[in-house]
Each structure stands twice: as C-alpha cells, then as structure tokens.
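Paired with chain B in one complex and with chain C in the other, chain A is shared by the two complexes that follow.
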Partner chain A sequence: MGLTRRRFLRGVATTAAGAVLGGRARRARAAPAPLKIGLLLPYSNVYAVLGESITDGLSLVFERAGWTVAGRRVELIKEDDEVNPQVGLRKAKKLIESDGVDFLVGPVSSGVLAAIRDTVHQARQILIVANAGNDEISRDRCSRYIFRASFSNWQPNAPMGSWVAAHVAKEAYLVAPKYAAGFDMMRAFKETFVAAGGKVVGEDYTPFPVNEDFAPFLTKINQAAPKVVYAFFSGSQAVRFVRQYDEFGLRARSKLCGAGFLTESDVLPAQGQSALGIITGHFYSTLLDNPANKAFVRAFRAKYARTPDGFAVQGYDSAQVIAHGLTATGGDTRDKDRLLEALRGVEFDSPRGRFRFDPRTQNVIQPFIYVREVREVDGELANVVVDRIANVRDPGTGCTLPG
Partner chain B sequence: MRSARRLALAGLVAVAALPWLVGSYPVKLAQEILIWGIFAMSLDLLMGYAGMLSFGHSAFFGLGGYVAALALRGWSPSLVSALVLPAAAAAAAGLVVGFLSIRVSGVYFIMLTLAFSQMFYAAAFNAEWLGASDGLPGVPRPRLIGLDLDRTEVFHLYILAFFVLALVALARVVRSPFGRVLRGVEDNERRMVALGYAVRRFKLAAFVVGATIAGVAGSLEAQFNGYISPEALFWTTSGEALLMVSIGGAGTLAGPVLGAAAFIGLQSLLSSYTEHWTLILGAAFIGFVLWAPEGLLGLARREAGG
Partner chain C sequence: MAQALNGLEYGMLLFLLSVGLTLIFGMLGVVNLAHGSFYALGAYAGIAVAVFTGSFWLALCVAPLVVAGVGAAIERSCLRPLYARGPNAQVLLTFGFIYVFDDLLRWLWGSHVRSVAPPAALAGVVALGPGRFPVYRIFVILFGLAVALLLWLALERTRLGAIVRAGVWDAEMAAGLGVNVARVFTAVFAAGAGLAALAGVVAVPIQAAYPGMGVEILVRTLIVVVIGGLGSLEGSLAGSLILGQAETFGKAWLPDSSMFIIYGVMAAVLLLRPTGLFGRALR
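Moving on to the complex of A and B:
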C-alpha cells in the first residue's frame, strides 16, 4: 500500500487547492471588497448644479474619512440620470444589476424617483434619497429599502401653513409651478393654513419647466390684493418670480412667503434686493449656529470656495447615514436585514440639527423647520432664522412599514 | 435575399437565447432595444417609405403607454389592456392627427406633427390625475394563461414575439401594392396624383398604421418599466427615434432596429464615462448623414456587395 500514482495526485491536488483557497481567504481578510456607492444624479441638463452640490457634500464626508468606511474602501460610481425618468430607470438598473452597488444615492427629480421606486424595491436595493421630495415615497409607496435623507414636500410647507396663519395673515394667494412637486407643496400648506382659520383667496399654477413671464399671474394677484402670497419656485424660476414680483410693486402690499427653495443660497445673489423680507420655511440655513454646521460650512468653503446650500447638506447627510449604518454593522453589507435595522437606527449631528429617521416611513424627521427671513448680513443677503418648529415628521398616511 | 433571411433568423434565435447566456442587465438592454426597435420601425414606415418626416411620433408612443398604464392598473391585467386598447387609442389619435397634418407637407408637416405631440405632452404633464410630471407608477404586467411575465426570460420572449409580429406585419405592408404606392408617393407625389391615386388616403392609412404600432411599442415600454411619464410624449422621444432611423438607414425596416441598438448601446455605455456622450452621438450622426446617408444597414450592404 505504498504511494500509488492516484493517491499522489490526489494529495498534490488537495494541497494545491488548499494553498489557493487559503491564500484567497487570507487576502479577503486583508482587503475586503470595496464599498460601492452608485450616485444616480443629474450631471447634465437643468438640475446639473444640484447634482454637483449633492456630490460635493457627499464627497466631503468620505474624504474626511480617507475614503474608507468601517474598513472598506469607498468607490463612487456616478451615473447621469439627465432628469429623465426613462434614462434614470435604465441607469438604476445598470448600477444595481451590472455594478452591484451596495448603496444607491439619488435622485434629484421626483419623476426619476417615481420611476425607479418599484425596480429598487423589487431588487431589494438600498436607496438613500438625496433630494426628490414626492410625498408618496413616505406614504402609500414607501419601501423598507428606501430611506430619505432630504425631505418630503410636505415637511417645509405644512408647518408654514400654521405659522403664516398665526404670525402674518389669514388670507393667502397660492402660486406654484404646474407639476407634481408644486401640487404636493401647495396641498401641504393649504391643509394646515385652512385648519388654522386661514382662507385661500386664489390659487394659480404656472407653466413648467419653462416660463419667462409671470405677468399674467402677477396681474391677477394684484387685483386680488391678498395679504400674503405663498409661493414655491426653484432655480431660475425663483429668480424670475421674485424679481418680477418686486417690479410689479407687490412687495409693499402683499407679504411674500414660501417654501425654502424660493430663496436658497443658489438663487439669492441673482435676486438681489428684491428678495429682502421674503419669509420661507426650510430645514436648513447656512447661518445655523451649531457646531456641526459651523464645521460643515468651514470645510465646504475651504474645499469648494463657495457657500454650501441645503442640497449640499442633503448629500452630506446621505453620506453620514451610510457611514453610520455601516459602522454599526462592522462593514457588513451582506446581511441585508441587519443593515436595514442599522440604517433605521442611525442618529448623528447634522448641520440641520440632530438627524434621525422616522421608523414609520424611513423619512428623515426634520429636527427643525426654520422660518427664515431674507435680510442683509455683513453686506450679503442671507436667510436669517426668526422662528423654528421642532420635530417635523411626515404624516406617512398609507405607509405600512412596521414602525 | 435568402442568406439575408437566414442571417435574420440566426439573429432572432441568438436574441431569444440571451436570458440564458448573459447577465440580467444586458438582457434588459436588449429588451429596451427591441421595444425602441418596434417604435423606430413604425416611424420608418412614415419616413422611409411614405416620405413623411414626422416629428410627432412620440404622441402615439406615449399615448399607448398611458392607455396601457391606466388599463392595466385600474381595469384588468389582460392582453386587451396591454395590446388592444393602446393600439386602438393610438390608431384613433393617428387618424385625427394624420387627417389634419397630411394636408401640408415639408417643414409645415414637421411643425404640425411636432405641435400635436407637444399638446399631448403638455396635457399629461399638467394633469394631476395622470400623476402630472411624475407620471403613472406601478404598472403591472398582464397575466397570460400559464405565463409569469414577471420572470425576465418569459417577458423577454413576450417582447420578442411582439417584435417579430411588428417586423413581419410592416414587411408585408411595405411589400404589398399599398407599400409600392407609398414608395411612389415618396419618389414623386405629383406624378402619383396624376396617375389617379388618392394619395392623401394612402398617406393617412400609412400614418395610422405607423401610429398604431408606435402605440403598441409605448405599451410595451410601460410594461417593461412598470411606469410611464410625460417624457415618453416629449419631442425628444420623437427625435431619438428619428436618429435611430437615420443612423440605421431609412426605408429598410431592419436598419432602424440596428439604429436603436446603436443609440441605446452608446447611451448606456458611453454615458457612464462622460456626460458629453451626446457630442459623440452627434458627431456619429453627422458622419452618417454626410458619408453614409443610407445608414448602418446600407453600409453593411455596400460592404457585402463589394
């Protein structure tokens, strides 16, 4: 029973296999798989600026951590959704199925979010929403795989409804662009405004995405002469609306209030003096006096040489959610249930206040909705906080997550 | 001709086998190419055969998608919702839009069809009951006896079946006497009138057939994505189909399918590396128009012919 050829070969094979497999296992311990984060954001088209802002905020967190989280190297894979639901969906499939990302972050457009929701849910892909605010994602179309680190459209507007009724006037004219977010925001404002005894004297929806001239709507507002005009516009439309509102001489007669995007730091310089005195509700202001915000603003300015806006905070917080969740699982992303639990429980100091998710909807509980007034501070226009409403959580009607 | 048919058959078998050969992402790209291939072929019937350069073909694609979405969600997940209703709606819309548009030609026809499609877009974009700008989500796939269309490979064959059906139907149409008359109209409309053909009626019929098939493509797109949005109605959707037809080769039916493959392939691969992928696409388009106006298929034929 000496060493037969067959036995010899078997022995050699076993040893070789052991060496190879053992070696691989050792290597795996030494350098775990990279943490793949897919960014599904607009890098071209009208919202490219928002995509960049979110990416900058997010990069700041990972850069500070040396691009490693819980022992895993962070790898960003950027895909441009072109603000087009069809393209966004195709890119989401690519990131999920081809790249096998651990986390998906995005999108900006609520249309893209509506499009990718089912695909994300069915693929059991964890998505951190970094902007899109469609209420339905915290309501009847919520998913245990979707976390929202930005806001729901309801959140900045509903507190403003009662605040405006209590502190400004009980008679308002509503105006917003004619698309899904415009409807969401005005509905939320109306809900609490009317409940607080307010009366909506007029309501108009303007053409979207392109509208150069608000004159017909401003004429109607002028005739109605309401005490308050409550508006939601964003980007270049916000600039045009605010300027034309001033040119029409409405500023003296009807107080302009709105959702925070109306006077965010991306549009304020272009609005100039016309923006003075506008009151808006938002989850953030660059001027917030807390250590987390001071550190954030300082780091952001040092790196990008500009003032961060709410969008950058959304990217920053999305990255923090990932970092904290992953640290809690010790870098493990394979046990999805455990990772989901960890994400549901994350809590940290965000520039906007103490960040945590609402377990019922997995939408962020806004620590505060800040009521801000545009004033001149050190020769520059800024959103000065005049009041705040604490713990604003989306009602989450119709969401059946076990929370 | 026989070898071309054999090649096409081999291609079809290869495409049918895809789900068993490659990963799920390439399979989904292939499905999207098939759907857009159907859409591009339907536009080719107007562009390449009847000489009608329509810039409003997205209206029928989107309409088919919306009707399918509404019917599948709210009424019944059946083949009637997935095929019959979208096709009928697109045909009816095609009849109205076509009736009004074919009265003019050239740039006026382009502008008129463009205007009609933008009306459809604006209507959907502003309608809260259609989900406004966010569109209609949660579109289920139809239930066919014994078939689970939620499984990728089953859905793949389902789409392929529609594709073959559309290809065969359109090939028959363009080879029929009716198709010959259309070719005649494209070559010399006045002469056809002089020969006694009711040219307008022929053009309208072609327009309606094209619209119907575009509606079916739109319905498939809604089922594929589980979602339909106003972007499907937007003029850029027409523009993309136009590019597919031009790159692939107008008046060839198979060409636009190659065009769809090239377009979607480029968009999906290149755009991961650069936001400026449209620049490359634009350059390719200019190249084709200048040096190979007969498109990809014409180029291939030229090569084969020596």
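Moving on to the complex of A and C:
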C-alpha cells in the first residue's frame, strides 16, 4: 500500500488539526475568566415581550463580536423577575451572590428596580439599567454603580406635555397603570402641559400588573369626552388599552397621545388598525435615518425576522456600553473604580443617535425625543417622526454624584 | 348604567371560565389549576384558526373542541391514576401542567402579544344614552347567557345531565347504579376544558393573548368558584356576576382599592356562607 497523494494530504490535515486544537485547548486553560452578565428581566407576565426584545438586542452585539469582549468569553445568565419586586430582589441576590456576575443588566419594571437598588448599591454591583425608568434612580436614589442606558420616565413625557399643549389641545385626560412608572410619566407630562396652559380634566390609575379589562376606565373617559387622552401602557396592556379604546369608539372623539411604549413595534402588529393616528413621544423610531440604525434594523430583521423596537435598542445599547467600557479597561473588571470611570466616559453611535451618559446622573442623554404618529408605511404600521426635541436630559434633582 | 353593562360583560366572561372549573370540581373532586392554561390554549388556538381560515366563528367552534380533546387526554393519561391518591397529588399535577402549557405556548407562538379583531358583524359601537357600548361586548353578554341556559338545560333536562348531577352528589352511588363513572369523568373534564377554551376565544378580541394570561385569570376564576360555591352551576353564574360588578365598580369608583374589594367580597361571602352562595357542605 503506497502513500497516495490523498492519504498524505489526509495525514497532514489530521496533524494540523490536532496542532490547532491542542493549541486552542492550551490557550483556553490560560484564558481569563469568562465575563459573566446577569440578565434580570421578565420572561413571563405582562412585560415578557420587553424582556425578550432586550435580550435579543443585547445578544446581537455579543454575537457580532463572536461572544468575546476584550479577550473575555461572554456568558449570559438569565433570570426571570416575573415583573415582581420580591422575585426580582431574590433573583438579583442570586445573580450577585451565587453567580458573582460582572455586570447586571435589567430590569424592565420600575418596581423591580426600586426594590433591588439598595442591594445593588451596597454590593457595589455594576448595574446597566436596560429599561426601568423610575426617575428616582436619576435623582435622590442615584448610585455610582448604576448606569441607565434606556431612559428616565421623565424624558419622553416632559417634552410631550408642552408639545401636546401647543399642537393638539389644551384639555387632557390622563390614564396609566398604578405603579411607579405610571406616576412618574404622568407627573412629567403634567408638569410641562399645565405650564403651557393645559388643563387636566381627569386622571385614572389602573390596577397593575394584572388588569384584563379597561372598560370601567374607558366608560369614564367616554363620559368626560376630553379632547386628548394621554396614556402610558406597555407590553400586553398597551395592546389591550389601544384595542379597547378603539372598541369603545373613543378614537373618533378623543385624540390618543402617550409615552412611546404605547405603540412600540412589539405591540403594533397586535394593535392593528386601532393604533392608527396615535401620537407618542419616544427616543427612537425604527424609521430613523442614520447609518447605525440602518445597520441595526437590518441585522435585527435578518436574525429575528421581525421589526426591532425601542426595547431592543435598549438591550443593544446596554451591550455596547459593556463592550466599550470593557475594551477601555482591557478586559479588567477587578479594578471597579477604573471600570466605573471607563463606563462613565463611554460614547458611541447608537441607533437612536450619539450615545453618552449624563455624568451628573449616569442616565443616558437622549439625543432626541421624537414625536411620532402611527401611520401605515409600505403596508406595515410604523411610528413616523413628525417632530423632535434635542438633547433631553433628566433634571437629576437631588442626585449627588460628583459629575 | 354603562358601568353595569361593563360589569355584566366581564362577569359573563368569568362565568364561561369558572363554570368549567366548578363542574370539574363538582364531579371529579379535582381543583384543576391548569384551567387557566386551557383558557390560554383556547385563545391561542382560536387565533391560529381565525388567522388561518379568516373566520372568527370557525375559531369559536374548532378551538374549544381541540382543547376538549387535550383535556380528555390529560384526564385519561395523567389524572385518572391519581384519583386514589387524594387531592394533593391532583393539585400538584395540575399545577405542574400550568408550566408545561406556559412553555408549550411560548414555544409554539413566542412571547409576543397576539390578537384578532372582532368579526365585522360585531364591530362598532351602539349609542346607549349619553355613552356608547361596543357591539362585541353585547355579543359576549348574550353568548354567556346562552351558554348558561344551554348548560342548565343539559344538566337538568337530559339523561347525561342526570348522570353528571348524580356523580356530583355521590360518585360511588352512581357507579353502583351502573354508570360508567370513568367515562363520565373524562367527558366532564373535557367539557370543562372546552368551556375554558371557549372563554379564551371569546376574550381574544377584547383582551388579546400573551404568555401568562392563564395564570392571571386563574385567581379571579377561583374567587368566583369560592363565592358561588364549589360544584354549582348557579353558583358559578352568581359568583361571576357579583365579581364582575364588584371589580368594575371598584375600578371605576375606588381604583385604589379595587383589588381589596374583590377579596373583600370573597371574605364576606365566606364568613356568611362558608360553602359559598350555592355550595353545600363537603362530604
């Protein structure tokens, strides 16, 4: 049996493969510890969709980087907070204490963030807030360990207050779920709406997180017949509210406006035609015309076969904050002060525009708050930008970070 | 007035849900915690049929039958071996099914919210004095009443109904009289599951379908059954109507304590009539 060319080549290939694999295995032993990222997000209940969107956006960044950042392999540990503060706190403790995560990312609900804030702060655990917007986290309960890559509840709503008063009507009925985010958002809206001469004719806070039916509230709105209804709902409640609002025939009578979450791309398909004409304020729209957004939308659609929403952008940006911060420290997470400093200085092109933190609050400065109207674009519902307000930063009243 | 209609409509939806639960308990002695999952399964199956065929009415017929089949399969394969082991094993089993169905639905349909519009014939609103009321919700009220009437006729006026009632009163005695109790058990469980699915389909145009919907509604359903009395059709209807009104008016007038009102009603009923409005003492 002679040494044929094929046999020879096979031998060479095997040897080479062995060398490469052996080399990789040796290198792996010397490799730095994996970068552990704990995702504390809702994967069930009213905000399940939001948790999924954030996770998808975040995964997109790490996948593009081959799941390695600054030489460290990225490991995601997911925990379902069930939109429940007690569960969230328990899971946060688990991620911090037993898993020893380098970064905590989440949560969605303001209630959960309020519950875990002190634990995170005392444990000196770096938390990248990927959604929850409670104003207090940029104000009197701010922490040098907490960065917010999403928004503060004040940010989309305060600009909307003056905009609605100037462009829609000066008489509004407010409705939002009865928890921290609902109160924050309505307060921010009222602040500027009333200052611009607007009058609040009614205000309702609906049960949260469980509320199947908005009929009692819609009946009250029907009787009050306001010119504008300003609402905040998100996830499955946004679908129900918008659908039932239309069902009760309110669409023809009172203009529905609100915080952008009311008509994000995660809920628009289920809302259908009921959503047409709703005007909302948000830091993002899928239709934004900038290279970062175009690349993001293309990549997201290719991977998940659906249109990304603002929540996916928050996940995407949270991952970019981590990636940029870690690259700046050369992959080191042990020196906390150095890492914190690097994170504070992070700046990059996000789908929403140039991303940077406000050094006074460590909350993102929104490049723009876009006023968007739901219209049909190419046979699909979308949030079309009709106006924008630049550089919206939370007032940060009461936050004592050095900045 | 408008709020009373809201309460009535919500109550009817609760009735469709709770009547299956209460019948299953009455006959089989099983507190079926997976009842909410049948509701969710019905909603998703209904959407699938409605989207595929374009007909809401077809969805309203097909989805409950499918879910009834699933219910029958579960009763025969999983519940039947446990009857001898007492209620704890059954509660644990049906509790486990909540998670099985939750993951199954998520796997099949993802976690995105889904909905379908009400059929064109039922779209729009009707003027009601100063206010307006959606036509679809009037349909829900009438549909609920019709189901209640049909169930009552079936239970009170047919042979099968007599067998079921006998089984509710005393399963052993019924078996002694030559009733194939095992088969009746399966039928009742399937019917209960089908009714939950029916509620799910009816609810979709109003409430949409999303992960966790079954668990959210389960608590309300259990409260209805407790108020009305376990195992009683009339109790289920009365409990649903009471809870529907209590929750609607609670939300409208005292939004800060609407949850308290629901549980308050339940506590009051339990104090005055520990077996519920139409219940009877447990053996």
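General remarks:
Criterion: the second predicted complex is superposed on the first by the 368 of 403 C-alpha atoms of A that agree within 3 Å, B and C clash if a C-alpha of one lies under 4 Å from a C-alpha of the other, contacts with A are read in each partner's own complex, and residues count from 1 in each chain.
As a working rule, contacts are C-beta pairs under 8 Å (C-beta built on N, C-alpha and C of every residue); 3 or more make two chains touch, one makes a residue touch a chain.
Keep in mind that this is a model prediction, so the values were computed, not measured.
When the two complexes are overlaid, the chain among chain B and chain C that reaches more residues of chain A is C. Once the two complexes are overlaid on the shared chain, A:E79 sits against chain B while remaining clear of chain C.
In the superposition on chain A, A:S152 contacts neither chain B nor chain C.
Of the two partner chains placed by the overlay, neither chain B nor chain C lies in contact with A:N293.
By the touch criterion defined above, A:F183 lies against chain B but remains apart from chain C after alignment on the C-alpha atoms of chain A. By the touch criterion defined above, A:A115 lies against chain B but remains apart from chain C after alignment on the C-alpha atoms of chain A. In the superposition on chain A, contact of A:F208 is made with chain B only, not with chain C. Residue contacts after overlaying the shared chain place A:Y43 against chain B and chain C alike. Residues 43-44, 178, 205 of chain A lie in contact with chain B in one complex and with chain C in the other.
Contact residues on chain A toward chain C in their complex (touch as defined above): 43-46, 48-49, 51-52, 178, 204-207, 210, 212-213, 215-217, 219-220, 222-223, 235-236, 239-240, 243-244, 247-249, 266-267, 269-273, 306.
For chain A in complex with chain B, the residues that touch the partner chain are 43-44, 77, 79-80, 84-87, 89-91, 93-94, 97-98, 110-111, 114-115, 117-119, 134, 141, 178-181, 183, 205, 208.
On the side of chain C, the complex with chain A involves touching residues 2-3, 6, 9-10, 102, 110-115, 117-118, 124-125, 130-134, 136-137, 203, 205-208, 210-213, 216-217, 219-220, 248-249, 251-252, 255-256, 258-259. On the chain B side of its complex with chain A, the touching residues are 23-26, 28-29, 32, 125-126, 128, 131-135, 137-138, 221, 225-227, 229, 231-232, 267-268, 271-272, 275.
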